[in-house]
Amino acid sequence: MTKLVYFAWVRERIGKPDEDLDLPASVVTVGDLLTHLATLGEEYENALQYPDVIRVAINQEHVEHDEPIAGAREIGLFPPMTGG
Amino acid sequence: MTKLVYFAWVRERIGKPDEDLDLPASVVTVGDLLTHLATLGEEYENALQYPDVIRVAINQEHVEHDEPIAGAREIGLFPPMTGG
Amino acid sequence: MQPITPTIRVEADDFDLQAEIDALTAGRTDIGAVVSFSGLCRGEKGTLSALELEHYPGMAEAEMTRIAELAIERFSLMGLTAIHRFGKIEPGENIVLVIACSPHRQAAFDGANFVMDFLKTSAPFWKKEHAADGSPRDWVSAKDADDKAQEKWL
Amino acid sequence: MQPITPTIRVEADDFDLQAEIDALTAGRTDIGAVVSFSGLCRGEKGTLSALELEHYPGMAEAEMTRIAELAIERFSLMGLTAIHRFGKIEPGENIVLVIACSPHRQAAFDGANFVMDFLKTSAPFWKKEHAADGSPRDWVSAKDADDKAQEKWL
């Protein structure tokens, strides 16, 4: 099981702040994960329709979309940051 | 009569904070003034021995050494500034 | 010289700038320059009633610490504080505070500026606008200008 | 938009940073960024007992006002305060304060930085060092680095 956490409009569109998911073995990279999640329902499809803009953190550190997710305890998905 | 005011080590070397002087007609520019003052005694010579480093203000505004002093009510002489 | 540990906080409450500067400088005589940056919520000519600041707990602090340590190393800072608020913030209120201390002024300016630029693009915070007229709330879009501002340090 | 009048003071007493920022920002919702610079007297590893700050009364205020107005114009600032102390100042004490307010962060950083760079080279202040061991007091020499810092704005 991998913990997924969502923020800002990704959280709003998916409709929950976090969840634990069993990911299929075919999901190797962050990019694979985004493609996989978009198949889980309309709300996921809506949240992830432009995967290029989705920022991802593995174990609370920023990663690129080609990063393998092996060893991830927690994966965060969110829009570009707008703090400060 | 022109009021001269001195600051920092220029003031210390000349030995007074200010004075009113009658300047000869031959003193046209700031550079002429520095040359003239250096003839007024050892303390002036000592203060102004390196005229290039002396900063000058006419009526409380910075001027270059080639500036005419005509119309000056107050002329300030001082070393490069070290505030801030 | 002992390593400098930044002060990093993510909190709902407002901060006290003077108290934070005092905490960095009290009893020290080796600091010659202190630069503070306060980021405030703008009212956008009366159209905004508040901002709602969301963050990624844990990662927000970790990312701010990482940025702060980069700045301390790069500009040889003698002290650094970064505080970011979350929750509802009204126009005129503080959002973020960065303080950098150094023997010399340019390093203090650069340190605070660097932290703000990286914080904008890398620290996991998101702003949602509450419109004064009650119209649907929108998430603030990330600005290209912020990415460009960060790139000046690369 | 009404013209911005800078707050300029030359005084013996210490200043209160928070009070000065409050005076610039109170009741306003159009300021998004406030940058403050505080310059402090360094103790030079215990060798300095105090600095004596001399200034040219009248011209000091006039020159600071001129620099402040240049910065307001150049960076479209919404508020600017510059305060310079004179007299005897001990290690750890404040010497100078500059605060710049703007809608956006880079203008606030640049405004405060610009004022400091020009103040260093153009405002008529001079520092004399009082050595801790009582040896003869020396006037601080002007630094080439300060002239270079000013040149970055030309």
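Lettered A, B, C and D in written order, each chain numbered from 1.
In this section, contacts are C-beta pairs under 8 Å (C-beta built on N, C-alpha and C of every residue); 3 or more make two chains touch, one makes a residue touch a chain.
Remember, predicted model here, so these are calculated numbers, not experimental data.
*Asks:* Greatest Cα-centroid separation from chain C: which chain?
*Replies:* So the chain farthest away from chain C turns out to be B.
*Asks:* Averaged over CA atoms, how far is the centre of chain B from the centre of chain C? Could you give it in whole Å?
*Replies:* About 48 Å separates the centre of chain B from that of chain C.
*Asks:* Taking each chain's centre as the mean of its CA atoms, how far is chain A from chain B in angstrom?
*Replies:* 72
*Asks:* From the mean C-alpha coordinate of chain B to that of chain D, what's the distance rounded to whole Å?
*Replies:* Averaging C-alpha atoms per chain gives centres 26 Å apart.
*Asks:* Touching two or more other chains, which residues of chain C qualify?
*Replies:* 39, 105, 116
*Asks:* Can you pull out the residues of chain B that are in contact with at least two other chains?
*Replies:* 84
*Asks:* Applying that definition of touch, give me each pair of chains that meets it.
*Replies:* In this structure, the chains touch in these pairs: A-C, B-D, C-D.
*Asks:* So in the complex, which bits of chain D are touching chain B?
*Replies:* The contact residues of chain D facing chain B are 39, 53-56, 58-59, 62-63, 84, 95-96, 116, 119-128, 139-142, 146.
*Asks:* Give the list of chain C residues in touch with chain D in this complex.
*Replies:* Listed in rising order, the residues are 16-18, 21, 25, 27-43, 45-46, 91-92, 103, 105-106, 108-109, 112-113, 116, 149.
*Asks:* In the complex formed with chain D, which residues of chain B make contact?
*Replies:* Within the complex, chain B contacts chain D at residues 5, 7-9, 57, 60-62, 76, 78-84.
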